[in-house]
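Two complexes follow with chain A in common, the first pairing it with chain B and the second with chain C.
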Partner chain A sequence: MMDGFPDVMRAEWTKFRSVPVYLGTLLGAAGLMVLFAVLISSGSPGTYDQAPYVDRFRFTHRPLTGDGSIVARVAGQRADHPWAMAGVMIKESATAGAPYAVLAVTRGHGIRLQARFTTDIAGSDHKAPHWLKLTRAGTVITGYTSTDGSVWRPVGTVTMTGLPSTVEMGLFATSPGAERAVPMRPVLMRTRPGTAVFDNVSVTAPGPPWRTDDIGGAGSPEPPPPLGIEPTAVTVTTPAGDIIGQADDGSRVIAAVAGSIAGLLPLLALGSAFVTAEYEHGLIRTTFAARPGRVQVLAAKAVVLAATVFTTTLVAGLAAFLITQPLLRLQGFRPPTYPDPSLADPTVLRVLVGTAAFLTLGAVLALGVGAILRHTAAAVTTTIVLAMAPVLVTPMAGGPWPQRLGPLAGLSIQQIKETDDAFLLPWAGRTWTGFTLLCAYAAFAFAGGCVLMRRRDP
Partner chain B sequence: MNLIERPTAATIETHGLRKHYGRTLAVNDLTFTVVPGRVTGFVGPNGAGKSTTMRMILGLDTPDEGRALVGGRPYRGLRTPLRHVGALLDANALHPARRACDHLLWMAHSNGIPARRVDEVLDQVGLATVARRRAGAFSLGMKQRLGIAAALLGDAPVLMFDEPVNGLDPEGIRWICGLLRGLAAQGRAVLVSSHLMSELEDTADHLIVIGRGRLLADTSVRDLRAQASGGRAQASGGRAQASGERAQAPGAQTQASGERHGLEQISLEEAYLRLTRDATEYTATEDGT
Partner chain C sequence: MRRALRAEWTKWRTVPSTALAPWLAVALTLAASAVVAATAEPGTTVCPTAETCDTVRLTLSGVQLGQVPVVVAAALTVTGEYGTGLIGPTLTAVPRRLRVLTTKAVTVTAVALAAGLLSVAGCLIIARALLPGSGLPVPPADATTWRAALATVLYLALITLVSLGIGALLRNIAAAVTTVLGLLFLLPILARLLPNGHLLEKYAPTTAGLALQTTKNLEAQLISPSTGLTVLTAYAAAATTLGALRFHTHDP
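== the complex of A and B ==
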């Protein structure tokens, strides 16, 4: 297999560099990467262009005057995002941006005590069902959790200076989606509404009746369910909304790889054509007459393709990164909220190198599909559909699995903050999972190509 | 010259080759040997299985039965096959956007052949001036020359050409005939296919005639001529027998008389037509001569 492999690689490299359209496609992909990065870095800061926070959710609440507490059991939570919350809240007023403190269960981050868009205290790892209690004593808010409603463990306290004597106290749910998407990336993932089912709701002092408000315009198509005078079971549904302050979401780095998908498409065509063109021109017989080892030839093609695509896209990514930094600063992405990223940062390197690897694997996947199908149009169509179909069906599928299982799951390698975006959402917190899946796709297509090339007459 | 260090004997052997595509039996129990030092014509009507046989010799198509050996070894086992066998299968098998010199260069690289051979063979086939032109812009005749250059690249002791005369002008045909004879004279085994006997009769020393995938004759040109002349004398003998051995015996004497009567050209063509008549795949039109 390795016998004479350098000769075969040299031959395949000569083939590659001697067809102008191959080089043009490669450079075109690199150009698209830089172009998208520049365009996106010249736009508005997206989510945070109005205010330095997002405060949008459905709030079922009643006023509380003086000290007091609210207790509820989150019987169930339905939401997609790991940061979707369901819990209890004390908020200065029922308006977006008003100071607040919440104690909530999340889908993927256990119990959290959060306040004023900045404070985030981690509690236990429990998910729903779980008991939550939030108490107010002067300006001090304390959160407790319990598995049974009788033994309470404190999570932490937050101090809210300037809290008026009458505040709003109640139940809420969030469903992060577009809000947590980095503005640099397309929002292609749909999240379901976040629903929280509460029971055993109790507040210290009976008072004015409960009401439900959509804070920050979190309008729901379904009207809030009617509430009793003193309800003990409440369901809160937020179609799309979040409570989060503006923070470094990785935009400074992600902007550099904003052209990943735009760059991928020509590279898929390149990968396929590098082998299918030989079949269409009858050249494959000349190739196999020169080197009878089918697997050796396909392996040499893969190595040459991978080396050229990786090098080119890595350079393009680095160029895009360097070009976009001054543009992003101009657009307001600057310290202290958005620290200047450094190439020495392992995360930055992972994103840039990982993106080049993602595009390389895409090209190798396309090469394998090309070897299997032996027809340019068929192979290019198949690979592009394979890559992009999950993006198209996701809004209809209503779940993250099409995204998780498609080749684009490899974009998980670009994840910077766990809170981010569309593509990463399916594998949030698992940077390498999607990437490994893409490796498997590429390996599978390559192996399939090898098997069929050996078995079939060219 | 460097005949001594050539690693393989200059022969092609096929043993009971059989290959079918779907329901069509393309090659059926085909056995023959191509020996060095002469031009062997590989003739048969269109669809007789010539190209399929050549692809099997080159390890491209896998035979259903039998085997093909080059210098006693299966082609797929050769480490640098272009140094053992030079082949022209399809002159159009080119990437149209690739320059002629680059087409030869990748082939040279694949077998560790020095790059200067590219210029040498381009010069040899008369394409030196257009070496940097894209192959897609070539005429069929130029593509044939490029394909022949590719076959010569490895300086191989065994050479195969599938219909190399296609697309060549009369001057080109004369050139290639001289080239083939020259290659054989250097001690190489040269196998040239054609569906027209007339293209080969001045070039080939030996003929392998097939029809419908079967061997019809494996004979020297001289013997076939003699046999044809004999057959003509017998007139009512019907079609000639597909056997070189039978034709060998009366060979020498009748050949001379055939030439004297100026009949040999017609006879050879006719002998071929008789051989292949029953085996012609497409009988709607006769080969025009």
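== the complex of A and C ==
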């Protein structure tokens, strides 16, 4: 407390810049970030190589000529993905890519009325069991839902111009997998076959018999169960399949920061070693002799570390963003589906600045752990295991919670359009929750370091 | 050679961080395996149904956490001497540098084998106690189970040598630990983000080495157990050779 804080900071800055390993680590971390951004940007949006949509599901259907409707109660749905659907469909023909309108219950996103790979209208938040009704009047398709089969509430209408007079009408189920993954963010959910159990199935007029087709090659080892002449209870199982159009999923921005985790490890080691090395070399005694304010010393270290890490990783992130844009365009991520992102876009800024802040908080957390443990190997190991272990067990745990609660929850700051947690992207829809949690971890470690440093002899 | 070995053993067991490592490894392995065995259930990614579940691999999976203290201690046996300057007296007492590194390798391998044997035995006992409660069958006491169990011990020994080699190569504990843990934990994750990353994931030391634990659904694995063993041995050979070269040709 006898010296001004700026003096302490200057001393720490001198230590930092005069140790070649520190500077090398900092630049190495930045280099890894850019390298992985470039590598990640060298892949194409593989799911959509053949067509700008995925249209793969099992369809139990019959033709409908003229106006009419289909009613069914989804008695139960078994699937894992939040976007797995079970519902009723009107489709121009039983071929992949043909125009369609569906009304379905989903596992995690309520009732949805969707059409032609582009329209998505949200209904109520109900899950199965629920009643669904889809009617056709000319080119207008209307969806209704009901909890009891007598009182119907409209969900919305879609207009399908050019719809022929005879269409296919029926029941379907989906179980999304890789299609729902942003290319740079593997899907977190495990994929089981999606099964929908329907009862109280009725269609307006009797007509040709029902049949079951695997649209887009959604075939399964088990053949579909035989259907009666006019079945009222039907079970549809799709091994793996989805109905989704190619859309901007934020890939143009994510690619620049998806590799930031590669830069994290060296920065964690840097944060820990910045304080533990002084203990191991005995320099800490000299430091404390010169500056008896121990908390001041640790605070100065934190400021120097945070400033250098933040600046370096922000520059690296910006460089990665600029370098990856032409690469991504070359790989097929281009307008109109993937609009060119702009640095003036608040989301892009939040992702780039947020990633630098995420890495900075990681380094400060490591510094705190270093001050607590005072042993390089122990501190570096503890920090890396604490950071990585929750992420590693998440895909096996069958739930999003481990990575939501670990220090890497801070990666939530990189969200762009995610509706569900993905691997290395926790807290979907709650951008700041995970980031706040990481702030709390860093603050807790730093405070712990301060308390122990003050209490113990070096 | 015997004296040099005894010297290394004395260093290992009298420095608290290395002396504690094998015990910590056993404790962490058993704790992690117990959690996995207690929380496992049929119908998850790792365990689709009770029949197809690879309960042996499941039970032994705790070694992924348990390996950490042993590999860090292995790196410490070399880098620690550079940090404290002990490397000077060590090389004065035993001037043949390769002999020094060999005795270190023998010591860490022996410790890893011992810790591995204890861990694996504990894991199998845990499996017997906890798996039935999770609705899963106890692994049979057949040749496949024994192979997976012994392979886990071998994995631990080889990965320890990888770490020793990296320690001798980098001579800085923070750098060595980061490199080794990055290789073990970060490489498979990064591989999943990259286009055609399965090629990289396949040859990551953990994926390749732990393929040896597989007893069921062999065709669904990224890499076959025998190829996995070859890959891991190659890692160990490459790391120790590079480490030995640097140790031999550069002054402390």
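Assume the second predicted complex is superposed on the first by the 303 of 458 C-alpha atoms of A that agree within 3 Å, B and C clash if a C-alpha of one lies under 4 Å from a C-alpha of the other, contacts with A are read in each partner's own complex, and residues count from 1 in each chain.
To be clear about the criterion, a contact is a pair of C-beta atoms (placed from the backbone, for glycine too) under 8 Å apart; a residue touches a chain by one contact, two chains touch by 3 or more.
A quick note: this is a predicted structure, and the numbers were derived from the prediction, not measured.
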| item | value |
| --- | --- |
| Clash or fit, chain B versus chain C on superposed chain A | fit |
| Which superposed partner A:384 touches (first chain B, second chain C, both, neither) | second |
| Which superposed partner A:4 touches (first chain B, second chain C, both, neither) | first |
| Touched partner set for A:15, first chain B, second chain C, both or neither | first |
| Which of chain B and chain C A:283 touches, first, second, both or neither | first |
| Partner chain(s) touched by A:392 [first = chain B, second = chain C, both, neither] | second |
| Which of chain B and chain C A:291 touches, first, second, both or neither | first |
| Chain B or chain C, by number of chain A residues touched | C |
| Nearest-approach distance, in Å, of chain C Cα atoms to those of chain B in the combined model | 9 |
| Set of chain A residues, in rising order, touched by both chain B and chain C | 21, 277 |
| Residues on chain A engaged by chain B in the complex (per definition of touch) | 3-4, 7-8, 10-12, 14-15, 18-21, 277-278, 281-283, 285-293, 457-458 |
| Chain B residues within the chain A interface of the complex | 55, 58-62, 75-82, 85, 87, 89-90, 92-99, 102-103, 105-107, 109-112, 150 |
| Parts of chain C lying in touch with chain A, wherever the complex brings them together | 17, 39, 43-46, 64-65, 68-69, 72, 75-76, 80, 83-84, 172-175, 177-178, 181-182, 185-186, 189-190, 192-196 |
| Of all residues in chain A, those that touch chain C in their complex | 21, 25, 36, 39-40, 42-44, 46, 183-186, 190, 192, 258-259, 261-262, 265-266, 268-270, 272-273, 276-277, 280, 375-378, 380-381, 384-385, 388-389, 391-392, 395-398, 423-424 |
